[in-house]
């Protein structure tokens, strides 16, 4: 791969936490507060890495392995995710399957680590996470499938590369829009954002993702926070890749456009978070099924069009 | 006339008479055993080098006869061995019977042994007779010789069974007699020297037979001998007789007697086929075969008495035999082979049933549990018998049933084949429920102490099980040739 | 070929010896285990050549039974299955030695070992058989021997019922195979497999035969709705037997279908769609039912149904590819299916051995009565975790590789086939759903059993199993990782078999192999990367925490005074949301005791999910047959007059019908 | 000679019907015995052309057995069994006779379908024998008591023997003797059985002999099984 792309890859790892900051600032703005500084996530992570740790006597090494495996998985996922038209560090036919698989790995260990504490709260969070992601998975696959059909390529980089303005002007435009919507809903679900989950509630009974990591502290929690940022990054990157057809010649320009796009996505998430309330747990599946429905519709259209 | 054939009949007959004459008991058992052994030896010899057919022999063991003769003789020998132990076990004095607890006593042993031997003589006569008249006489004789055997335990249930057996079979055989007369009429055109009912003449002059009379004759013989053979709907005597008679008698009736009756039908079929009317006979055989299997299935499902279940299974297998011959072609071979397998297996099952009866003192399925624990030898044998009778490999019955199935497809009767399979499956399920309930679990009697089983009680069935197993893995040339030749006589091919 | 025959014979002889030594448990065990191990080892050695170079070993001997010929051969397809059979059997035998000895007080160990070895040999002979008669006989011997293993503890009523269900299912399945071979035989005039391949069949007949094969073999493999025997039989059997049955024996059904495909000629597309449909139903139903179970071994059994579904998806893709002449798709599909056969054998065997280890230690199968075992049984727990992750199809483990191949197959069918590719694409989505649910299912299984704190007394006093039981589990766990990281090797192993079924010519195979291996290398790379990163991050964490205070405290419990084990999430509660969503399909039964009053004493929620196919499909049918037969009992009412009447009426009717209506002349 | 034969044949048939109609066992036995004797005579008459020794022998044996021995046997066993003298039918006598007539009709129809290939002594042989056969079966089916069933069996046999006349070339002596012997022993054994039945049951009523069936599960006394387990 080209060195400048490598620069952007490194950039991804550096910039990921900013997205969290942006979202919080947006919400603060809507709430009429100044809100935490943009770089707050960095401070948090740094602080956590400095701390010692307190472990529940119930837990075993699984509890400690959870954050590590989760972070490792998502890092590899980032390497597979194309930076817009610049492309990804690693690209091969079928990498989208690996992408999904890695997220699965992360989820698996987060859940198991949560159950290791033996607390009913973490158990509850784990159960809900399992339920939500189980239904989100097919939706994600449908979204990716649309890209395969539209682009005819089996690698994420290839897909994103093949999406140009012309693609949007043809019937495939609608298809892409649907796919983007699907993946965006999956993003909300997978990253524990409103309306699926509320990242900064403090009532355990209502939480999904946060309650799973109640017992983690210190470096472990630092890993988790950073992993969360990266996860948000990869999903946003997918969406930007779909929605951003322009390809200027220069890598820098492409990269810049991409980053701008990421900013927009973060703000949109923020807007949604501040403009609507969290759904009842019972309705979350409906939302995700709806996402799946969108995806299926998109696939059907793509098959007819393609 | 043929000397071996005569010897085969006379030997047991005289021995039987002798047994009746004998005052003391113990020697009789050994007499029976010795006679059985000699008989078996004779049969073995004539199977090894089959006697050449002489013209208008009344008595001659052709390959078909030899097959059934072999089955009969083998089974009788095994039963005789078993009988030695059995008669020792039997209590002489009047004793309470286990169903209602009324007192009863046994028949005198010489009557038992004598009738056993006469029974053997009669059955041998059936297998060697080449004359339809003699055949009839012989089959009727089997009925008369076996009736007292059923009534060995003299209580009213066995008496009832005997009565039904006598009446139904006599009526059936009478119908068969009319059939034989019809055959004579049909054959009145045939100018064979000697009596008009000689099988060889009938077959030779097949073209000259009067079709209508021939058909009528076949119908009557089918109904008549079918009653004895236990084809539905003439089977009604079978469950009663088999459940009430001593187990080794049941074994002989199921394994040997039914086959002899079947031989009667086969002889008639030979004549009909010679007259070129085989299709007419075949569809009847197929029909009664399937009907028998269906009826058996109805009564095997949820059967509460294991000896009755075995009896119904005999009805089923007689149905399979008749079906096989009806299908023709390779199925005929399958049927002949199946007759052999069924006899061995059913003998095994009835002998083991005897052991179970002795151990649990009930024929009720509900009353028998944990045979594997309580009877370390009979339990496994019972299980093996179940697998064998339901046509599971590696037992021979699987080969024969599959042969029949494949031939049914090859002959272009897919529907019949499917019906055949469905019935087999239903029966398997019904039997599985009964057998598993008996062999598994904890015995009712606590604490469990495994019985010491006498060699004489387990060796005979074990021998039969072994043979049935071997036939599934390897078909000895001698047996194969006999089967082939028998199949050839019935116009089938392997 | 000779060494292979020895490898088949040895276990049987050893088993017979074990029966003879029945009185002395240890001697019997030794005879059984050693012969099995020796046989399997010899077998593994002697198939190596075929696996490496694809050379076919064949042998024909006369066999004196109707239609019979002792014709055996080992080609690539057989070799892969033999690898699985011998490998897993070997480990299961080693494991079973100590496991069964626990029963030596009140059971003879001779018969179990005899049937175990017989099962091993029959499975091996089955995949070598090239003659229908030999195949059928071996098939039934396999069924019978496994039946006796299932009913090992026949004192228990539920074991007896399970045995009956299994026997009946096996028999009915075989009935279809009997028809299958009978028809093929009557078509080609012999039961020789090579002869089958030569004779081209009419399309309609071929389709009929295919359907027969799918039902017959599918019953053994456990396709929904033919799976009902599976969740009964596998929990009933001793664990090393469950491992063998679930890991290996089910696959003989798969082998049967694959072998069938080689002699039915070019398939129409709808065969592929059928298999895909079966795969999706089996996969989804299997995992959902698994999710709803509370008995560990039952959960695993249902999960086998799910994996069989995945294999069926692979085969469906393969058949579809064949029908479209897309060799690449076909090879990908079949390769995925076969590799998943291998993978499932590895991790499902491991899972059952783990469950057995837990059972051995606690005597408990109900998950809600277990918990916190990881501390007591580190090796069992660790290997179980690896297997759980692997079966959920996540990298860097083996489950992911095979699912990857299958998805690749369906995706590469997608390029430019218009609406026709809708069915293959369903596979992708289906696998997505199945994967997500599998994660839920196995986080539940592992979490509830091994994590948290013990829920019952005897769980507290659990102990780790002896080394002879742990070693096989460690080896299997190692294989899970190895196949994941060394994916190219594994794929290379199954590729020839896949090509053989796809009927691809060598040169197109070569091209596919090239592209495929390059892709799979990337997968291996990803796996390696993950592992490396894990190591790195672990190191970093260790460095960070090295010179800081690390203390332990009670789990954060929102200020409760005394957190008790009973407060933990149970398997029921963990699965509840998903079971709720799919309750239409599952029909779970709930027993809910709501808390009442201000100071409620007791409240409880218990859910159970019986098999709807069994309760609403088969049971009513059997009931009906039973009632029908009872309603005909009057035919035998004991009156001799009635019996005579039967004879009378039949006689007259026959005479009138045959002579009168038929007009005899 | 034919008219005499026809006369005798019709007599046989009438006797059969009479047996069907008679309500007293004793009379029934006598009727059947008479039928046996008529049969013997018929046997001689039908073969007047060539009276051989064996013919006479068979006829004599037949008369002796059917006319004398068997009836005596039956009377004896009845006496010992103390059988009541009523026949006890399932279906009333009138109806029986009607059915018997019906059977005769069927027999004649069937005999139309079965033309004798060679001219025999009489054309009535086939229908009469079939009719007698059917009537015998009717007796067997419709009469409760064991004795009457034996009678039915004998009537049936007689029917078959009537048919024996139709055989142009007679069966060999050996066969016919064997047949006769079998019949005799059969009846003899039946007699014994009846005697035994009387010992076991209070009176000879085949109707009572229906304990062995599959209708209601027979109650087994099962040792060691507690009722809770059943």
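The letters A, B, C and D name the chains in turn, as written, and every chain counts its residues from 1.
The criterion applied here is as follows: contacts are C-beta pairs under 8 Å (C-beta built on N, C-alpha and C of every residue); 3 or more make two chains touch, one makes a residue touch a chain.
Quick caveat, the model's predicted, so the values are computed rather than measured.
> Look at all chain centres (mean of CA atoms) and spot the one farthest from the centre of chain C.
Of all the other chains, the one whose centre lies farthest from chain C is D.
> Write down the chain pair with more C-beta contact pairs when B-D is set against A-C.
Between B-D and A-C, the larger count of C-beta pairs in contact belongs to A-C.
> I'd like the Å distance between the centres of chain B and chain D, where a centre is the mean of that chain's Cα atoms.
Roughly 28 Å, centre to centre.
> Whole-Å distance, chain A centre to chain C centre, using C-alpha means?
36
> Using mean C-alpha positions as chain centres, tell me how far chain A is from chain D in Å, no decimals.
For chain A versus chain D, the centre distance works out to 98 Å.
> So, what's the distance in Å between the C-alpha centres of chain B and chain A?
78
> Could you pull out the residues of chain D that touch at least 2 other chains?
Within chain D, the residues that touch at least two other chains are 113-114, 137, 140, 149, 206, 209-212, 214.
> Could you tell me which residues belong to chain C and also touch two or more other chains?
633, 636, 640, 644, 647, 651, 655, 659, 664
> On chain A, where are the residues touching two or more other chains?
none
> Strictly by the criterion at the top, what is the full list of touching chain pairs?
Applying the touch rule to all chain pairs gives A-C, B-C, B-D, C-D.
> Using the touch definition up top, name the residues of chain C that touch chain D in the complex.
633-634, 636-641, 644-645, 647-648, 651-652, 655-656, 659-660, 664
> Given the complex with chain C, which residues does chain A contribute to the contact?
Those in contact with chain C are residues 49, 51-60, 62, 64-65, 68-69, 71-73, 75-76, 79-80, 90, 92-95, 97-98, 100-102, 104-105, 107-108, 111-112, 115-124, 126-128, 130-131, 133-138, 140-142, 145, 148-149, 152, 154, 204, 214-215, 218-220, 223, 281, 285, 296, 299-300, 303-304, 306.
> Under the touch definition given earlier, write down the residues of chain B that touch chain C in their complex.
Those in contact with chain C are residues 163-164, 167-168, 171-172, 175, 211-212, 215-216, 219-220, 222-223, 227, 233-234, 236-237, 239, 280, 284, 295, 297-299, 301-302, 330, 333-334, 337, 372, 387, 390, 392-394, 398-399, 402-403, 405-406, 408-410, 417-418, 421, 424-426, 428-429, 432-433, 436-437, 440-442, 472-477, 480, 494.
> For chain C, which residues count as touching chain B in their complex?
63-68, 133, 136-137, 140-141, 144, 151, 154-155, 157, 160, 163-164, 167-168, 171-172, 175, 178-179, 181-183, 185-186, 622, 625-626, 628-630, 632-633, 635-636, 640, 642-644, 646-647, 650-651, 654-655, 658-659, 664-665
> Quick check on the complex: what are the chain D residues that touch chain B?
Answer in residue numbers: 113-118, 129, 133, 137, 140, 146, 149, 153, 156-157, 159-160, 163-164, 166-169, 171-172, 175, 178-179, 182, 185-186, 189-190, 193, 196-197, 200-201, 206, 209-212, 214, 217-225, 229-230.
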